[in-house]
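The same chain A turns up in both complexes below, where it pairs with chain B and then with chain C.
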Partner chain A sequence: MFNLFLAVFPEIFLINATFILLIHGVVFSTSKKDDYPPLVSNVGWLGLLSVLITMLLLAAGAPLLTIAHFFWNNFFRRDNLTYFCQILLLLSTAGTISMCFDFFEQERFDAFEFIVLILLSTCSMLFMISAYDLIAMYLAIELQSLCFYVIAASKRESEFSTEAGLKYLILGAFPSGILLFGCSMIYGSTGATHFDQLAKILTGYEITGARSSGIFMGILSIAVGFLFKITAVPFHMRAPDIYEGSPTPVTAFLSIAPKISLSANMSRVSIYGSYGATLQQIFFFCSIASMILGALAAMAQTKVKRLLAYSSIGHVGYICIGFSCGTIEGIQSLLIGIFIYALMTIDAFAIVLALRQTRVKYIADLGALAKTNPILAITFSITMLSYAGIPPLAGFCSKFYLFFAALGCGAYFLASVGVVTSVIGCYYYIRLVKRMFFDRPRTLILYEPMDRDKSLLLAITSSFITLFFLYPSPLFSVTHQMALSSYL
Partner chain B sequence: MNTDITALAKPEYPVVDRNPPFTKTVANFSTLDYLRLTTITGVSVTVGYLSGIRPNIRGPSMVTGGLIGLMGGFMYAYQNSAGRLMGFFPNDEEVARYKK
Partner chain C sequence: MSEFAPIRIYLVISLLVSLILLGVPFLFASNSSTYPEKLSAYECGFDPFGDARSRFDIRFYLVSILFIIFDLEVTFFFPWAVSLNKIDLFGFWSMMAFLLILTIGFLYEWKRGASDRE
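Now for the complex of A and B:
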């Protein structure tokens, strides 16, 4: 009986570790004997350790993850897609936690619950990646969302943070309702919630009459719910305000982690669960709209975080190209795009966090960076040029593969919109580079050296971005395996 | 509810026990498994101690780190031991011991 749970050892460990840290935090942060110590860094380091041990359990126990697949297959699917997406998610969580420590000290941020909520949302996203049933998917999405609503408002003395949390709550509860409505419509019309059963019913089966409209409404509602959650256009309105108002580590986490888990889940729903023209058309439209709006709206931004928010919306558009294709190459390019996007975003936000020490908020404040901290300026430039898709950086490879997949399935208009918006996007990315290297600073700001954790993180991610073109085949073969497993 | 233990992936090595009980798996812990358990616990206790210096809660932080490390180390060792018995990891010793 115990062996049934071997398949979910990583999740069980992470949940238990989270509860241990919660109890530790509650007991010792309220301890009069210890003089009410601030525990956020302490819990942060133990949380980072927990994430690394979870990654070890996942990586080392790969063959065992498919044990008792009939028992777990009612709710979870353990395959290559699950495995690699979970590894990427845990790497992103570890990267986000490691860039927080200096932030806690600088901002005198003392809520240890922040780390507990990050770990709890990571648990939920691990389940979301492997969810194989509409109910399991919804429960995982809700647990993740509830944690995010709270951490967005975690900086209690900041009105912006409270506003961001409130906006996230109200505008996040609404799509959750739509998603659940879609699940109920699908269940009402087909009697099934399991993706295997839905695949048999919905693929190549002609349904007429009221049942057909019920299924269509259900698929549409599920797609709308998903697109709200990943902040694709036209459901992106809350994203810039939430990303700007939340504390910067929260923004980093919100930009990276949900994209990984939701994309993995969406690929199961769209490619396996309900393969057909309906979802493809929705993603096609949202991809074009996100790319165009992400490119045009970012041009008008003056704040660094808002610029990165619109850049994130644009990148969601590029990622949706993979969904629009409906082919194995599309899913493969989507996974490559997600992986490279996660690393670029960790890099970008680590730099933003380093700059926050000197209260850099506006793009105009970057004026002196090349003179006072040239290495940081070069790293930031490399990241921005990678975002822009300039060869031979990693961002170019991800866009190239996405456009290639679009051309391969005949979506010529999609690929051409992608290319044009990439060119437009170059304007605001290169504007940052120009500001750092060529403009006279408005005021002289002395940049403080960054801490060791962020330096190490930046070194790893920027090395990957710069040197990826030399040996891209491991990522290509791994993502090809992941894409193939999602079709089986 | 189907509680069959069959895995989606076929075992690459000889299967000693398809569904070993908890006691047999723990009794099958090798020296390497105990070393893994001890290393993970030790590292966790160290991280707990070092992170507890600043807030001045070294002892309790070591205990928390130790609990997390012990749980993680035990799960890692159990995973490896069960994997060897089920034929997913190299298991020459287990085959020699149980299939005499």
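Now for the complex of A and C:
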């Protein structure tokens, strides 16, 4: 009986922590005796602690997880892929939560439910990564999306935030519907929702007639739903508005965490569940389109968060290259790309949050940052150049490996489009660097110094980005192990 | 293909009903003999001072959402209660876990005063 729940101990702990924090928050923040204290920092630190304990439970409990076969057969599968992806997800969540505390103080943001919702969505993303059944996948995606709809609209005085939340709701519920439609078509045509059974049916023998078109529709709809959620082109339209309108920690969270979990889940579906030509073509087209759009559309942006939104769309395009080639190197390069993308994005959003204290919104506000705050300017430059793919920074390694994998499986067009759009994209990244170092604005904008958590986070991530090329083999061997386990 | 006959009939009837409901007002609506002055609100002959609309009270929405949630909870309770002798202790505790989650939500709603009468 105990073995039954051994596999999901981290999630059980995180759900219990979430509930306890919810009750703690609501009981104390509505008590007249204590004068209605705003509990968001309190709940925030406790939430950060619970995320770290969950990561400890996950990391230390790996050998025990193979015992629980109840979950193994029905909904979840735990192997190396889920292990490392969940650790990456929890690390990103911990980083994002630690970025928020200053934001809460500055903006006088006192809704502790923000943290509770982040914890709930993290738990659902943990389920999503290990989901092994179409129903489990859909439920986890829905729970994660619902939490995000609310926190995207959490800044109540700002119309921008309301607009972002509304756009996220409408354009997030719709792809969930398409995803569910795809799942139901596949179930109707094959009678199976479990990935093991789907793998045997879809890749085992040739299916002709009405059933094959049902399966095709199903796979197409699932792919479309996923691409919506991961904001790939041509389903990217909501991303810039949502990224710009939501409060910045929400934007940070939403550009890192769902991409990690959705990529892990999608790699399971596309490689294990339905290995074939359909998904590959869709991802091929979408990655080319995303790369091109991410490179071109970001040139016209004047606001920092929109620029980061378009650059993340472009990066999703690069990551989808890993999906398009169905080989182990493809999945390995995808995982390397996701890991480095997560670190770069944490870095970028920590900087944006640090600069936000004096309401920087436009790129022009970054002028002469090198004179007022040289270390921050250098860190920002490192992050931007890593996004652009300049050697020897980490972004170059991830792009190199992605293009290498694409060339290795014969997708020459994909790799060449990737290289060309990388070069085009360099323009606006280097323009930011130029604006920081060489511009002379009429009035210099002075920024307040950032707090300790963000500075620690920036130090860790930017030193990883710069020093990654010296010793990249741990990451390579870890991701190779992860990719192998998704093929077994 | 004859298994789909009920579904096809359902589709046709629902399409017909919605099209009728949509199209009939066009036959009975006011024609072009109306003009803006005739259609405007009457306030003793003056021009209307303000909008007749009031701000939507969010409590209506809250009541309906909370009703949906707890009503669905009760709906899930019914089959569980009926089959409790077959699902033994494991089934009992599974439902208690579900009930715990909803109770925590209920406690949150209570403390926040979502059902208070002003």
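Heads up, the rule we're going with is that the second predicted complex is superposed on the first by the 484 of 488 C-alpha atoms of A that agree within 3 Å, B and C clash if a C-alpha of one lies under 4 Å from a C-alpha of the other, contacts with A are read in each partner's own complex, and residues count from 1 in each chain.
Quick note on the criterion: a residue touches a chain if its C-beta (ideal position, glycine included) is under 8 Å from a C-beta of that chain, and two chains touch if they have at least 3 such contacts.
Treat the numbers as computed from the prediction; the structure is a model and nothing was measured.
Should the superposition on chain A be reported as showing a clash between chain B and chain C, or a fit?
The answer is fit.
According to the stated criteria, A:A60 is in contact with first (chain B), second (chain C), both, or neither; which is it?
Touch status of A:A60: first partner only.
Touch check for A:Y471: first (chain B), second (chain C), both, or neither?
neither
Which one hits more chain A residues, chain B or chain C?
B
Identify the partner contact of A:L21: answer first if only chain B is touched, second if only chain C is, both if each is, neither if none is.
Once the two structures are laid over each other on A, A:L21 reaches chain B alone.
Who does A:P37 touch here: chain B (first), chain C (second), both, or neither?
first
Mind working out whether A:F13 is in touch with chain B, chain C, both or neither, as first, second, both or neither?
first
Considering only touches as defined above, state whether A:L46 meets chain B (first), chain C (second), both or neither.
In the superposition, A:L46 contacts chain B only.
For the overlay on chain A, what angle lies at chain A between chain B and chain C, C-alpha centres, nearest 10°?
Result: 90 degrees, to the nearest ten.
Just how close are chain B and chain C at their nearest CA atoms in the overlay, in Å?
12
Does any part of chain A touch chain B in one structure and chain C in the other, and if so which residues?
Residues 27 of chain A touch both chain B and chain C.
Taking the touch rule as given, give the residues of chain B at its contact with chain A in the complex, in rising order.
1-9, 11-12, 19-22, 25, 40, 43-44, 47-48, 50-52, 54-57, 60-61, 64-65, 67-69, 71-72, 75-76, 78-80, 82-83, 86, 88-89
Note which residues of chain C are touching chain A in the complex, please.
101, 104, 107-108, 111-113
Okay, in this complex, where on chain A does chain C touch?
Against chain C, the touching part of chain A is residues 19, 22-23, 26-27, 30.
Where on chain A is chain B touching in the complex?
Against chain B, chain A makes touches at 1-4, 6, 9, 12-13, 16-17, 20-21, 24, 27-28, 31, 34-35, 37-39, 41-42, 44-46, 49-50, 53-54, 56-57, 60-61, 63-64, 66-71, 74, 78-79.
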